[in-house]
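Please read the structure below before turning to the comments.
First chain written, first letter: the chains are A, B, C and D, and each begins at residue 1.
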Amino acid sequence: MARLRIVELTKVFGTKKVLNNISIEVPEASFTSILGPPGAGKTTLLRIIAGVEPPTSGKIYLDDQDITLLPPKDRNVAMIYQTFALYPHMTVFDNIASPLRARRLSENEIKKKVKDIADFLGISHLLERFPRELSGGEKQRVAVARALVREAEIYLMDEPLTNLDYKLREAARAELKKMCKELKYTMIYATPDPLDALAMSDHVYVLFGGEIVQSGPTRKVYDFPDNIDVARYFSFPAMNFVECTVKHMDDKVAIKMPFTDIIVQKSEIDISEGEYIVGIRPHELKIMEKPSISGVSFKARLRLTYVIGSESIAYADAGETSLAIHVPFIYKIAEPKEVFINLDPMKILIFDKEKRKRVWPR
Amino acid sequence: MKPRNLILLTTLPTLFFLFFWLFYPFIYDIYFSLFYFRLTRPELTRFIGASNYVSILSDPDFWTAAGNTALFIVSCLVIEFFLGLLLALILSFDFKGIGVLRTLYILPILLPPISVGIIWRLMFFPGMSPINYILETLFGFKVDWMGGGIASYLAIILIDAWQWSPFIGLILLAGLLAMPPEPVEAARIDGADPIRVFFHITLPYLKPVILVALILRFLDLIKIFDPIYAIVTGGGSVMETLSVFIYKRGFKVLNIGYGAAVSVIFWIAAFVIANIAVRRFKEYLV
Amino acid sequence: MVEVRLENVTHIYDKRVKAVDNLNIKFIDEKLTALLGPSGCGKTTTLRIIAGLIRPTKGRVFFDDKDVTDLPAEKRNLSMVFQFPVVYTTMKIYDNLAFPLRLKKLSKEEIEKKVKEIAEFLGLKQYLEIKPIGVPADLKQKVALGRALIKETGLLLLDEPLTNIDPKARIELREKILDVKRRLKQTIIYVTHDQAEALTLADFIGIMKDGKIIQLGTPEEIYERPNNTFVAWFVGNPGMNLLDADLVETAHGYFLDISGFRLPIPEDMGKFVRSRISETKLILGIRPEHVDLYTKEVEGGIPGKCLTVEDMGALFIETVRVGEVELKVKTTEWVGEGQPIWIKFPGEKVRIFDKSGKLIYG
Amino acid sequence: MVKKTTILAVVAFIILGIWTFFPLYYAFITAFKSRIEITYWPPTFIPKEFTVHYWIIVWFDRPTLAYYRNTVIASVLSVIISLAFGIPTAYTCARFNFRNRADVLFTILTFRFLPPAAVVIPLYIFMREARLLDTPIGLAFIYGAINLPIVVWVLRSYIIDIPPELEESYMIDGYSRFRAFTDITLPLIKPGLIAVSLLILALSWGEFLFAAVLTTSPMGKTLPVGISEYMGGEWGYEWNKIMAATFYGILPLIIIFLAIRKHLARGLTFGIVR
């Protein structure tokens, strides 16, 4: 196991800067996610770390060794591709044995190691098969086995769950997390799915358009996004944004939104007067039959609800504003109806309208 | 190895090899074309400047050959397209044994053009032509296929169509079989009959594939030589295309300078046309 | 306006693959029925049989008691939207929409009126004059939906219409489909592999597996009372926890013996279950959100340990170990890994299946 | 309606079938006819006397065996040459997105469509100087060159179909790029590689113009040239011999054709039509 340090890495394809001045530190035995939309440069970053793509500038250190110019075979990094990249003309056994053979282990050792890892991942019965005879979940396990069979310094995973159907994904997240914790692997995990990052990783780097826009402990980044774009992307369900005007009234602060006003003590939310954007997470909104005494309640017209598995997202119009509300159970309506929505003012995020940066909480 | 070096190392030898065999001779063509140069009388060789070009461009036979080439290209493309489309359509039916038919019906493609020419020479040979026999029995007339004029022209088109309609058929069939079923199904559910489905859905879908087939055919037709040679040789009447023109004037008569000058003109024309045409394949470069 | 009925429908591909296996199902008039199942379960084949694009190997298809099995697609007078948006790229969008009407030989004025109407409804007005080349998939799918709606048939078939649409655009199209369902009195059959779409849109859901309908019911029935363990696991996010158990009868009442701990159950429930099975082995099912989880010891709580936590933003999914089994629990509060926990199974939420997976209690 | 379509299709099948196979059939049976029978009018469509005499005699009254040998050497060698140059180029053009890639590929492709007639004269002189006239070696180089564009383009299309992740993954496993190519890509494109080899073998086999000009001595000629010469002179009317020789010449091609049938569209369209 090792720690990885990337210093001011830049990659240019033709005239396009796909990665711009990336600096990353991955501590030993930790799970780090690179979160970003498709095309943000995640895969390129992993491929550069693996050594199959040279960077345009910048350095990569494994512990204290500069590996920037080393070919992939000399850097002992393992990678799992989104497509799993199993060699179609080799059996599962030969696929898993491939990195061991590259290291010229004896056939007996290879047999033993492959068998051990296959037992560990529950794929021993598949060793004689070819990749085309495997289901999606089995392929993923074989790809994981091929990476884990050797003790690499760093494990890279490029969206290994994207190509699985949702039933397999929900099981795979917990398993993957557990495995990395138990074996104390250093893991870098690229994903476009905020839930993947949230559910599994210790640290997250948010990558937009080839630049890191925010990084830190995962839940901290989730709770306190630096700007609107991170807040919009790294939230599930997607955050609501409402324009507002802030006015000071004596010792109180009034946050005027189109459909309701939030009035709090200056000691509670301390921001200057002006134009802002409020971010409200869908699960901080509650649907009520009657207005509530705590927090802020306002009227809205519930337009439709969308059931996601065991939970639901309701869409309501408060005046001209459409709001998404997370409901932690199955909730359906036959016809649109009038309801009250309750909001806890202490749970909102406030962003500067011009700079789009977070101003509250500080 | 750095990618840059790898790229140079793998592409330069290929380009060099191609240039050596196929471009370098062209430079020589240019050189020879400026001389009076007969292989049989090397002692008469002398520099004559552009005279070869002047005499070519004022030679009506050259213009006839160029015109013939153009005429062949157009007629062959039209006939082969329709025959090929028909072939592709019937071969796209799905029933037991269609695989065998799909193979058999495109068999002529890979036969050497010269062998095809010879086989057809037999079909057309005066005094023993089975085609003439059939024509005579059914319609009461005979054609002198190898006697020159319009009949020979037709004969050569027939030969080319026989060999290459299956080529267009093969490509269009590949296009038809690769066509996703949904658009046709959607149109059927919309209530369209098979003919409307064909013109509104199938044909527009095939357009890019048709274009590829016709461009490739067109570029090959520029070079047309073998079937004409087969018909013309040993006594057939003259129906010259540019390739045949070079062969006869330059080589058979061994007037190298003159032939080289025709070659230069032909080469440049072919290069320009081919380069423009193949760049239509840009979208397939990925 | 059309009631669709399949009688003993079987379809076999290439003489080997049984895609649909002796299917008997009635699609209720003017309702939206979703066929939900994993890939390869035969749902799309079933839909294509109804459309008349495939002739079933065996069995009959009835529209309102009229046998249409031998009728080709173009004579069945129905409309269909495909998974891959089908537009006619050679025609302008206006002509795309007008295409089915022209085939019906409607007058020019009538066609224009209807096209305008549909374009208005689907928000296609500004696109009518362009050809649908290089436009986004959701716009194409709207055109396809428009072409399906403009014919005003009594039967609308939708084959995974949202699967290939970008997630953001999906929300809008989903709303349109809900609108269609509310406004037009059509029988709609909706094939999907996405439980969220089925639970949201459908009046009835038919769960398919291996060419058979396993359960047909309202979304509530499917979710609350899955009649077998496959449905219980397949629907829900994550699916239902399924634990092997042994029914034990003692002087103190009934227990479920689950490896490592015992769960007391009410007398009447025990008796009922006892009367329905011949042996004592059974499967206990409970949804992750229905398990009560405590971080302090409670009366009747079963002690255990939290193994991993997946942060889902609004909720947490905890994998906990009690006795020798692992199960998933959904919580709103974060519980750290390795922490001791106590869980309770609320009696009314427990489902009991026999060893073969059939629901016997709940 | 359905019936009408079926009848039309059957009629089209029959007409196109006659059009395609009658010349082949007639040429084939002509090789079995006697010397006199070929001159019969009306011509016979089934030989009256059936003789295999001419199938044997063609091997002896002309150096047909030498023709065969020359053809085999020239075409096999041309396959080796064009693969040797073509595989590396196809690989880098498939795997690397370098600046002049399109120009390189189009230049290569353009060479395929240049008329042989336009370069044949200087090549004749060159071959004479290099003492390669009348040898299959000389032809092999030229065939290698004119088929090289096919190899580059077709193999490139097959390599593109193999996801680059497989090679990358193999390199990450601990192998060099060269090993990744030989262990992963090469086995996976094997069907395409075989098909394109056989395709250019067939094209070289039947090439006529270069062979006709660059071989003059009886022992140096290739099959197409040798057979075409049967047509002139005293052999001019001996169609039975000509046809027997012709069929000997095309028999290997029919076998190749059957072997690569599934790859044929792709091979003939430079990998564009899959």
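Here is the rule we use: a contact is a pair of C-beta atoms (placed from the backbone, for glycine too) under 8 Å apart; a residue touches a chain by one contact, two chains touch by 3 or more.
Every value quoted in this text rests on a predicted model; they were computed, and no experiment measured them.
**Q** Report which of B-C and A-C is connected by more C-beta pairs in contact.
**A** If we tally the C-beta pairs in contact for B-C and A-C, the bigger total goes to A-C.
**Q** I'd like to verify one number: the distance from the centre of chain C to the centre of chain D, where each centre is the average of its C-alpha atoms, in whole angstrom.
**A** Centre separation, chain C to chain D: 56 Å.
**Q** Centre to centre, by mean C-alpha position, how many angstrom separate chain A and chain C?
**A** Their C-alpha centroids are separated by 27 Å.
**Q** Using mean C-alpha positions as chain centres, tell me how far chain B is from chain D in Å, no decimals.
**A** 15
**Q** For chain B, jot down the residues that touch at least 2 other chains.
**A** 3
**Q** Name the graph shape formed by the protein chains and their touching pairs; answer line, ring, star, complete or other.
**A** Basically the chains close up into a ring.
**Q** Okay, what are all the chain pairs that touch?
**A** Result of the pairwise touch check is A-C, A-D, B-C, B-D.
**Q** So in the complex, which bits of chain B are touching chain C?
**A** Within the complex, chain B contacts chain C at residues 180, 182-183, 185-193, 196, 200-201, 204.
**Q** Under the definition above, what is the set of chain C residues touching chain B in their complex?
**A** So the residues of chain C in touch with chain B come to 51, 53, 72-74, 76, 78-80, 82, 84, 86, 88-91, 99-100, 103-104, 144, 147, 151.
**Q** If you look only at chain A, which of its residues touch chain C in the complex?
**A** These residues of chain A touch chain C: 165-167, 170-171, 173-174, 177-178, 181, 194-195, 198-200, 218-219, 222, 235-237, 281-283, 304-311, 326, 328-330, 332.
**Q** What residues on chain C touch chain A, complex-wise?
**A** Its residues touching chain A are 38-39, 171, 174-175, 178, 193-196, 199-200, 219-220, 223, 233-239, 287-289, 307-308, 310-315, 317, 319, 328, 330, 332, 337.
**Q** State the interface residues of chain A toward chain D in the complex, per the touch definition above.
**A** Contact set of chain A toward chain D: 13-14, 47, 50-52, 71-73, 77-79, 81, 83, 85, 87-89, 98-99, 102-103, 146.
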